[in-house]
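We call the chains A, B and C, going by the order they appear; numbering starts again at 1 in every chain.
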Amino acid sequence: MEQTKSTNIILFSGDYDKAMAAYIIANGAAAFDHEVTIFHTFWGLNALRKDKPPAVKKGFLERQFARMMPRGADKMGLSNMNMGGMGPKMIKQVIGKHNAMTMPQLIEMAQEQDIHLVACTMTMDLLGLQQEELLDGVTYAGVAAYLADAEDGNVNLFI
Amino acid sequence: MEQTKSTNIILFSGDYDKAMAAYIIANGAAAFDHEVTIFHTFWGLNALRKDKPPAVKKGFLERQFARMMPRGADKMGLSNMNMGGMGPKMIKQVIGKHNAMTMPQLIEMAQEQDIHLVACTMTMDLLGLQQEELLDGVTYAGVAAYLADAEDGNVNLFI
Amino acid sequence: MEQTKSTNIILFSGDYDKAMAAYIIANGAAAFDHEVTIFHTFWGLNALRKDKPPAVKKGFLERQFARMMPRGADKMGLSNMNMGGMGPKMIKQVIGKHNAMTMPQLIEMAQEQDIHLVACTMTMDLLGLQQEELLDGVTYAGVAAYLADAEDGNVNLFI
């Protein structure tokens, strides 16, 4: 019996286009029967933020980060040609026009395909993000868990 | 008989310096007898654009993207210290001074070494790029083709 | 006997947060008994610059690069929300508050764990950096050495 292949993506970036690339590859790999994990760290955690999170208690710095960072995948900017938010609008228009999937749809598909969406607990701490603020079904882990998956992985990417 | 090793690079970035890194690694891997693929997606597609493409019909949004994105590798900016175009000029000056290779030369070398230059059809659609606008010899494929190569690859990178 | 696993990270970025991610993964992999190499190229070389380098002779362009690039990991900016240097100050404050490690501490830990810190000689040439300006204990090599390690590596990342 052949061993299950695996794809392990670190999503570090908080850009809409990079997150799209990560989720498209992840969903493709899941369709190929890979065991797939997206490990969200630093700005990539923003893709997992709820649109309307419950109120949580935060320190001053953590409140600043929370306020300045995009709340959820739909609000992220582009890595290129962001143009004060006009770029993301254009991208979403062409996504609609070409029947491609938006980030919220890609995340939903990933969850339906049992892709492991992991949030890096160390950087959650740094940025002051709490579990209540992130999507349901997310797993919480650190770099050791990432390495345990990736060291036998087939497609390992840092995005 | 040893199996051929493979290097599979996703070039997502449209920055001159990141594209240089991608092509230098790719050319090095080809010299090591790896089977090498560079899968150009999103802004990385700009590296493959012809300097003087034939006229093609485009919608309004697609014309805006085409106009704003660099036409070919030689016109790309830097990821760092771009300084309104002065950075790329400085990099090209030091490339000349140190007898390093420019992007157009690196692409030519890649083609001579039979590196597979692949353009991602899904993001071509999104950005409104057509096959006539890209260099000759480019292959057109999607994420499934990338995964088929990369899942048995040795060096898989996202740049 | 099981073969030693290996982690090979290309650090291309000169951003504080991306360098942190690279060094956290590297230190984690070393703790897992991986053979670990961080190959510093382009702006990633700045992480290895000495705070107070000896005077070295440079050409005009090389002096400009040296002046504009951050001198050492502690002076690097953020990939996101840099806000003219306020972002890095905030990150360093939360690092302190959460007892996480700063970049200088992560580099020191990497050296204690015998992680190979490699500087890419080709891009040192391009940016006009000389060995005297980089930290002691750094190894000097090119893309061929990187590929020789990475082609049998387990976790290969481009950051």
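We adopt the following convention: contacts are C-beta pairs under 8 Å (C-beta built on N, C-alpha and C of every residue); 3 or more make two chains touch, one makes a residue touch a chain.
Not measured: the values here are computed from a predicted model.
The touch graph of the protein chains shown is complete. Copies subunit A and subunit B of the same sequence differ by a rotation of 120 degrees once their CA atoms are superposed, given in steps of 5.
The distance from the centre of subunit A to the centre of subunit C, each centre being the mean of the chain's C-alpha atoms, comes to 25 Å. Shared interface positions of subunit C, i.e. residues touching 2 or more other chains, are given as 156-158. By the touch criterion stated above, subunit A contacts subunit C in their complex at residues 10, 12-14, 41-43, 59, 61-62, 64-65, 68-69, 122, 125-128, 143-144, 146-148, 150-153, 156-158. Subunit A meets subunit B in the complex at residues 5, 7, 17-18, 21, 24-25, 28-29, 31-32, 34, 79-81, 90-91, 93-95, 97-98, 100, 154-159.
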